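Listed after this line are the structures, all set down as structure tokens.
The same chain A turns up in both complexes below, where it pairs with chain B and then with chain C.
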Partner chain A sequence: MKVIKISAIWCGACLITNKVWKQLKDKYSFDAIELDYDMDEDEVQKYSPGEILPVFLFYSDNRELGRLVGEVSFDELEKKYLEVNE
Partner chain B sequence: MVYLDYSATTPVNDSVIDTYSKVCREFIGNPNSLHSLGIQAKELIDASTKQIANLLNINPNEVIYTSGSSEANNMAIKGVCLKYANRGHHIITTELEHSSVIAPLNYLSSIGYEIDFVKLDDNGQVDLDDLERLIRDDTILVTIASVNSEVGVRQNLSKISEVIRKHPKIFFHSDVTQSIGKEKIDFSLLDLASISCQKFYGMKGIGALIKKEKLIIEPLIHGGKSTTVFRSGTPATPLIASFAKALRLAYDDFNEKYQNVVDIHDYLIDKLKKLDVFINSNDYCLPHIINISLNGIKSEVMLNALDEREIYVSTQTACSTSDYSKAVYSVTHDKDRASRSMRISLSYLTTKEEIDYFIKNFGECIDNLSFRRNL
Partner chain C sequence: MKKFLLFLFIFLFPLMAFAKENDKITLYFFHGDGCPHCADEKKFLNKIKKDYSNLRIIKYEVWYNDKNAEMLEKVKKELDVKGAGVPVTIIADSVILGYGNGTGEKIRRAVEYYQKEEYRDVVSEILSGTYKKDEFKESSFSKKEEKSDREMTMKLPLFGNVNLKKVSLVTAAVVIGFIDGFNPCAMWILLFLISILIGMKNRKRMWILGLAFLLTSAFVYMLIMLSWVQVAVKITTIIWLRNFIAFIALLGGMFNLYQFVKTKDDSGCQIVDEKKRKKVFKKIRKFTGEKSFFLALLGVIGLAVSVNLVELACSAGLPLVFTELLALNYVNSASKIFYTLIYIFFFLIDDLVIFFLAMFTMKVTGISSKYNKYSHFLGGIIMVLIGILLLFKPEWLMFQFR
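On to the complex of A and B.
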């Protein structure tokens, strides 16, 4: 399982979500990738992130299994993680 | 043309431009140079700094010139947190901060600092009990803007300071960019404060970090000592002199100008109440800022429609990525209203004729856009 987080340094929701992202990484073992919306523009655009940040993309075998957009709680992030892992 | 975006930036006062150009022409020396032209420039900077300090009721040594508030916010937040990392890595802020506060916090978060967001009450003000609850032994900084730029909610810096002062190891920074020149600020409540001249009819490209004299911070820009070791670079004599001029002018007839804004604010609110809009700003807001929500019309569409009529307002800060405004949500608790908000920001220069022109055109735009929506 690979989880990609797309965020921007000036984004408040991304800052708020840093804590729950860390909690997820601490609790589960997965390939965590962090992309910067501005700095990694070319890579980011491959995922069509839209205009709302942060974006969490759940991947397995190069296939997107789901995504979460915007500020999320740990429960929401964990629920999605477990859901796509089933 | 009707300009109602004074919180984004203000037009530069003609006298400030005169000061700037006069100093450019007549004070050509590098203030770090030892010859008489350098000394002359240095003396002008010292006199300007003294004037700024007198107006703000602070010590001249507490003024560090920056390129504006973004640099001052970065300097304060990174400067304190990197310098006092041995004390802890915990920072407290609000969801109402400008991106130039969010960005350094995001940077610090990426290198291991932990950031908590204090709750806001129904009026958008800091919940003091929650602030007290969040404070930990390893908290090193609380950063809370005096006024939110989008809605205009004022924070009670005095009450916040009371809570923080119970914990002597915590520094209190406030981005006072939206307050400076509009309302008097008690800088004794703060360890660090960020200001920008472009908000009070001064030049763009100059601002300051007001820093308590004894407080040491890690500089962002290393170099020679110049005016301060905390921010190296040849001091911009014309900008600094124009800063002092703009601030002095802002403080002339201060109360009268404030009352002008209150009057024009009340006049506009009366007119807005007759239109199909929601008024989001409340009694805790600075009268210079009125945030409203449109009923079923996207704020960007309205902004463009008004722009075509040479009326200039603003929508949610351009560099936000949420589908709704956190600041508007904090006072409305309504995501739909928070996603359709628009800011009208006033000045003592704003006239009733301008408001009448705005209201007439705004009403027409609402009718036109609502009609198109219903087709």
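On to the complex of A and C.
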């Protein structure tokens, strides 16, 4: 299982979600990848992130299983993580 | 979106026609040649004459002209005015004695008052012998102003007598400025700047460049607001222009509410246009990385000026209604600066908190996007409310509730 977080240093909501992202990493074992919208531009565009940040993408075997967009709570993030892991 | 604007235009524009205006108002100015206060008032009257198309000013010199002096005595007697001296200004049955600090504002308020309320040319009635004393009492500006002054003053423990009008303006500055501050338009630039500053090794340089950006932003915002107040003071006396501002406030407020409803279920940051983003980032990197401290400082100051000018369109609504509020209350120049400074301080408070937190903890903190949404909602409500009051009850915005 791979979870990718796309965020930007100029995005307040991305900074807010740093905490829930860390909580998820502490609680579960998965391949956590963090991409910066500006620094990793080419890589980011491969995932078609859309117009809102941050974006959490859930991948398994190079297949997108789901995504969450925007300022999410830990419960929402965890729920999605468990849902795609079923 | 087009349909929404069309709807607003069709339904709101006719509301502007409701505001009524009296045909002609005559202000009588009794003065003495060589009296310095009279000369000051004369200058003031010449100025306000241009602001009110329906205002007629009749001047009577009373020191050297016995006939005019007799006329003044007769009017004073009929209106029960005690006290001698000039200048004496009379509008309807309201008499304003002398000319000093605040008199100009009082004269303006009187003119404004009779634009909307029942007006009779009392001086002309007295001089022609047709004046009946008791008929006009209820709508007298002076009496309502006295009553309002009494009602607007409250005795508070520790503070003594407090003028509620001043308190109301301070409260408006605090509330509107604070809500305006959560507008996300320029926040992304500050966050990027702070991230770059934190990466710098020189703490002193970090502090100075960051503060220079914030203070310049505050200064530019203040200059823009003060120049708007000047314009607002000029146009607020012209009823149709004031109604036009009301219309803009209503339109802007409804757009804010529409934005709130539209993005109610969204959260997070809207990605800023790529070209604009890259341009700003390039500049920030260039200026902060500048070897010469002086050039770095100049660059950051220049950036703050340009950013605030460009981003102004995004947050113009609330400063516009606030400046209109100041103009309506005819506050003097020092007070204009005072209230605007309060507004700016509360406008910047969230930026200051983010900056200081970052400087002390060396970590960047963001503001939850839900506050941006509340800012749209509350800002929208305030603008709609002020828009409606500007059209129907402008005196409430002058904090004269009656």
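We take it that the second predicted complex is superposed on the first by the 86 of 86 C-alpha atoms of A that agree within 3 Å, B and C clash if a C-alpha of one lies under 4 Å from a C-alpha of the other, contacts with A are read in each partner's own complex, and residues count from 1 in each chain.
Going forward, a residue touches a chain if its C-beta (ideal position, glycine included) is under 8 Å from a C-beta of that chain, and two chains touch if they have at least 3 such contacts.
Everything numeric here is computed off the predicted structure, so don't read it as measured data.
**Student:** Based on the superposed arrangement, let me know which partner A:V72 touches: chain B (first), chain C (second), both, or neither?
**Tutor:** A:V72: touches chain C, not chain B.
**Student:** Between chain B (first) and chain C (second), which, if any, makes contact with A:D38: first, second, both or neither?
**Tutor:** In the superposed model, A:D38 contacts chain C only, not chain B.
**Student:** Would you sort A:L53 into first (chain B), second (chain C), both or neither based on which partner it touches?
**Tutor:** After superposition on chain A, A:L53 lies in contact with both partners, chain B and chain C.
**Student:** So, A:C11: does it touch chain B (first), chain C (second), both, or neither?
**Tutor:** After superposing on A, A:C11 lies in contact with both chain B and chain C.
**Student:** Just to be sure I read the superposition right, which of the two partners does A:K19 touch: chain B = first, chain C = second, or both, or neither?
**Tutor:** In the superposed model, A:K19 contacts chain B only, not chain C.
**Student:** Using the superposition on A, tell me which residues of chain A are in contact with chain B and, in the other complex, with chain C.
**Tutor:** Dual-contact residues (chain A): 8-16, 37, 51-53, 70-71.
**Student:** Using the touch rule from the top, collect the residues of chain A that touch chain B in their complex.
**Tutor:** 7-16, 18-19, 37, 51-53, 70-71
**Student:** Flag every residue of chain A that touches chain C in the complex, lowest number first.
**Tutor:** 8-16, 37-38, 51-54, 69-72
**Student:** Could you please specify the touching residues of chain C with respect to chain A in the complex?
**Tutor:** Interface residues on the chain C side: 184, 187-189, 191-192, 195, 266-272, 277, 281, 364-370.
**Student:** State the interface residues of chain B toward chain A in the complex, per the touch definition above.
**Tutor:** 95, 97, 99-100, 102-103, 105-107, 109-110, 114-115, 117, 319-323, 326
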